[in-house]
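Here come two complexes built around chain A, the first alongside chain B, the second alongside chain C.
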Partner chain A sequence: MIEWLHTAAGTAMTAAFLLGISGGLTGVFVVSRRMALTGDMLSHAVLPGVVGGILWGPGRHPLVVLGCAVVAGLVAAGLLMALMRSTRLKSDAALGIVLSVFFALGLAMISKWKPGGVQAYLFGQAAAISSGDLILLACSSGVVVLGVIFGFRVLLVSSFDPQHARLLGIPVGWVDRCFFIALSVSVVVAMQAVGVVLVSALLVTPAIAAARMSRRLVSQAWWACGFGVAGALVGVWLSLLRPGLPTGPLMALSLAVLFVAAALFGPRDGLLQRGLGRMRQRRRIDTENLLKSAWVLMEERACSELAIDILAERVGVSRKGIRRCVASLVRECDAELVESGFSLTPSGRRRASEIVRRHRLWELYLMRRADYAADHVHDDAERAEHWISGEMEQGLAKMLNHPDVDPHGSIIPRGVEREEGR
Partner chain B sequence: MKEVPVLEAHDLCASYRRRPVLHGVDVALPKGVLVGLLGPNGAGKSSFLKAVMGELKPDSGWVKLFGEPVSRARHRVAYVPQRESVDWDFPVTVADVAMMGTYGGLAWWRRAGAQERGRAMEALDRVGMASFARQPIGELSGGQQQRVFLARALAQDSELLLMDEPFAGVDAATEESIVDVLRELRSAGRTVLVVHHDLQTARRYFDLLMILNLRVVAFGATEEVLTSGNLDAAYGGRLTLLNEVASRSVVGGKM
Partner chain C sequence: MALAGDAITHSVLPGIVAGFLLGGSLDSPWLLLGAALAGLACVLLIEFLHHTLALREDAATGIAFTTFFAVGVLGLRLFASKIDLDPDCVIFGSLETVVHGARLSFRSMQVPAAFVSGAGAVVVGVLAVMVFGRRWTIGAFDPLHARCLGFEDGRARAVLLGWTAMMVTSAFQSVGAILAVALLVQPGACGLLVARRVPGVLIVAGLHSVLSALCGFYLAWFAAINAASAMVLAGFAWLCIAWGYSLLRGGRGA
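Coming up: the complex of A and B.
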């Protein structure tokens, strides 16, 4: 086990695991506090600190680099606050300025003094992670995990409603500062593996994927840890498959794939679920329209059976389409196939008359209550008839004094309850 | 001995972004009353609540809670925020929010136990939201959202409750049920200060009224305060001279 840790693969895997945990945990708070841009700003703003740390201590001591980077991050945060307070700049603009100024400073320092090993921080290089880095990473991840476990309540209240938190006696300012330091540390250690630009991937992607899985911060934190670790490990594993494949970008891409999966299949408003819902709705509306047309045709012709051809001509849909629709009506026991075509069962007739009733009630309502002209109400009613509930229908009927005839002189079919009540 | 006022402001002046929002506010609230805080938009009603909670530092004058400075007594205050100031997308449930009311007496590293949960559920029950406990707050109606925050304040069990426009966007039935809870609080000796808009209902709901428009226009028993003269003075526009002088002193003082 210890020996495996010292192999390149072992180091990279362990680092990925730890990064996934700390990135996921801090990320959940970053996203719910709407600080995603701040995370991005931090990853750029710590660069002068990183360069300074490398230049200062010989041999790139990880703790010195981390310390200098965190100081740079805090200075940037202080500047940001001062800028927003004194100039009333919106936070996104202020973030943009601070980010670019600090990053420019870092780049200038790099080209002037050319420190060794800075490449790893700029572009990310999981292979360059030393055992010293790994120990530091383990410690920082441990602190983040313990901090979130024990301080969860305090963090939750301060993030959700700082005013309320202060009334409870929570020193919100200090909580925010501690969170910011923890975030800076997470960002700096993640930079080594994935580089400046991709730090956001480790912070934000697991958290937004987790938000698709749950609507409680506690369980989102668990999910984000899981996604973070899974994405980071898969990234490392992929990069080990072929020589020359970069670790950081592959981590970011694997995490993005996880997010897409969560967005598609997640229980919370998944796209797949939404698409299915929309399809079912469209099918219901098609069926209701067909039922209605059939009912009206039967009313006009005073017959109880209808040929598919006649209906197809009336509705303007292909015969094949009508046949498919009728087949689904038969499955739902609303229609029966007969020799000349099909007929409606009692339940089908009731369903159809309901829709016609809603259509005609709505037309009447639009004319009497909303001052629509008689020739303008049909199209609106075509849409509305599918969305009027039984309760609304009763309300409409009552408001219109239980009318019998619609604006075009057609009879409004009686509602089910009233029919049975007599 | 005279009873110590629950809330006392003396010659309170405050400004926000170099604009005066409160000027020379003098007021003292006794224990066990429902107080309505009225005034036109931008009259400084929310700012007054902020000053009471210590969120807005006074330029001059002072606020005392239970005879003590705000910083030492604000844990005895509960607050129901304006609906717009809450992030309704934040991933918490109704029960989570009610639980937040119980965190005041709990050491920061301790986990909330059965006692805290019991208090939170009891508070939700009092506002009729117990059956929504597991729902995310973003999915509630306006009235339900307001009741959840009232439950948080009830769970907090504070002596002074501040509410910022709790009846905005709330249906009449919910409004009545909230007022019922406030009356229960009053009989338990609590003081409630409510930012309110409707003059008609203000007459029925509150024992005392405070009409604010930069300064205190009127303060006292509801019937005495609701005179046409007072309302004209409050809603007939800000007093231009006072406003201008206050503006200059704020800007000048911070140069």
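Coming up: the complex of A and C.
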């Protein structure tokens, strides 16, 4: 185990694991505080600190670099606050200014003194992570995890409702400051592995993917950790497949793939689920419309069997389409095939009469209570009949004194089932 | 839109790489086309994430541009043998080489390609502001009013985005992807701090960018640092002066 840790692959994998956890956990709060772009700003703004820390001593001591970087991040945050308070610049413009100025300062320092080892921070090299870096990374991840576990309530309340938190006696200002410092630390340690630009991916993407999985912040935090670790590990594994492949972009891309999967299949408003629901609803409406047309036709002709051709002519759909719909009705035991065409079973008749009843009740309601003209009510009722619930139907009937005839002179069918049940 | 600008500056990278693979040189039109398309795709992705998936705008931006940038860097590394586009160039920019070339060719009255694309972007930009200026102004401050006046929001917006992508591509070689956002935001912010009316803002912004470019070159030469970053730092110095002016004048710069 220990030997494996000292191999390049072992170090990179361990680093990825730790980064995934701390990035995911911090990211959940970054996203819920709407600080995604502040995180991006921070990753650029710490550069002068990083360069300064590298220049400071002879060796690149991780702790010195980290300290200087956090100081630079805090100065940047101060400048951002000052810009936003004293001018009418919008937050995005202020962020853009602070980001570019600090980054430019860092680049100027690099071009002036040409320190070694900055490359890792700019582009990210998981392979270049030393054992000292790894220890630092483990410590900072540990602090983040402990902080989130013990301060979860406090963080939660002050992230979502600072006013309420203040009423509870939580020092919101200090919570924010601590969070910012923790964020700076996470950003600096993550920069080594993924580079300046892609730190955002490590923070934002797992958290957003987690938000598709659950509504509750606790389980979002778990999911974000899982996504972060999975994405980071897959990224490192891919980059180890061939020499020369960059770690950071591969991590960002595997995280993006995870996000796409979560957006498609996630239980919370997933695209697939949404599409399926829409399809199911369209099928229900089609079936209901067909049942209704069949029922009305049978009513007009006073017969109980109907030829497919006649129904197709009335609805304006091809015979093939009608046949398919009828087949599905037969499967649901709402219709049965007879020699001349098909007939409705008792359950089919009940379903159809319910829809016709709702349609005609709604027409009557619009005329009597909403002053609609008689020739304007049909289209509205065509839509309303599909979403009027049983309870609403009863209310309508009661309000209209249990009418028998609709505005066009057709009989409103009785609600069979409920009459019997009463 | 400052951050849409930032997102575009990062997201043109895959387009530039693809354009390079197609065109084979740094000054082929494919580069510009690829960059503009990539920028547009990124903006569309952000809109999709924001509207269809109901993500917040900052989160959508964060996810979209990192993905595009990752694809770009990956492409750079994968086809490194075919592209002599230095990854460093992405971050540092190489204004010195451009300037060096310019000085050499100035005597023989030959203007290097980077100058041509830069000048082209400036001309197109000025033209676009003259044609669309009113629409952008109204669209930026009051989209609803713009729609009432019958302006097609979409087309003016598309031109603005396309122009931004073009400008970013031409700025890319000289200042690098990340500092390009400074060139977009700083002059505008400075103009907003000093002037009250849109023409004034535009004039101050133009003045600011010229002044910061000149001072930046001097600073770079004086302190022997990277020219692009010197330019941004000089721009910030001018911005601070504008900031002080707006504070002295009182109020929140309004």
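Here, the second predicted complex is superposed on the first by the 412 of 422 C-alpha atoms of A that agree within 3 Å, B and C clash if a C-alpha of one lies under 4 Å from a C-alpha of the other, contacts with A are read in each partner's own complex, and residues count from 1 in each chain.
Just so we're on the same page, a residue touches a chain if its C-beta (ideal position, glycine included) is under 8 Å from a C-beta of that chain, and two chains touch if they have at least 3 such contacts.
Keep in mind it's a predicted model, so treat the numbers as computed, not measured.
Per the definitions stated earlier, placing chain B and chain C onto a shared chain A by superposition produces no clash, and the two fit side by side.
After superposition on the shared chain, chain A has more residues touched by C, the comparison being chain B against chain C. Touch criterion not met for A:Ser318: it reaches neither chain B nor chain C. Looking at the shared chain after the overlay, A:Gly169 reaches chain B, while chain C stays out of its contact range. In the overlay built on the shared chain, the residue A:Ser214 is in contact with chain B alone; chain C does not reach it. Of the two partner chains placed by the overlay, neither chain B nor chain C lies in contact with A:Gln281. In the superposed model, the angle subtended at the C-alpha centre of chain A by the C-alpha centres of chain B and chain C comes to 100 degrees, rounded to the nearest 10. In the superposed model, A:Thr87 makes contact with chain C only, not with chain B.
Shared-chain residue A:Gly151: touches chain B; no touch with chain C. Once chain A of one complex is fitted onto chain A of the other, the partner contacts of A:His44 are limited to chain C, with no touch recorded for chain B. Once both structures are overlaid on their shared chain A, chain B and chain C have a minimum Cα-Cα separation of 8 Å. Once the two complexes are overlaid on chain A, the chain A residues touched by chain B in the first and by chain C in the second are 34, 88. Every residue of chain A that touches chain C in the complex is listed here, in rising order: 31, 34-37, 39-40, 44, 83, 86-90, 92-97, 99-101, 103-112, 122-123, 195-198, 200-201, 203-205, 207-208, 244-246, 248-250, 252-253, 256, 259, 263, 269, 271.
Of all residues in chain C, those touching chain A in their complex are 1-3, 5-6, 10, 52-56, 58-59, 61-63, 65-67, 69-71, 73-74, 77-78, 80, 87, 91-92, 178-179, 181-182, 184-186, 188-189, 192-193, 223-226, 228-233, 236, 239, 243, 246-247, 252-254. By the touch criterion stated above, chain B contacts chain A in their complex at residues 17, 53-55, 74-75, 77-79, 81, 86-87, 90-93, 96-97, 100, 103-104, 106, 108-109, 111-112, 136, 138, 152, 156.
The touching residues of chain A, counted against chain B in their complex, run 32, 34, 88, 150-151, 153-154, 156-157, 159-161, 163-164, 166-170, 211, 214-217, 220.
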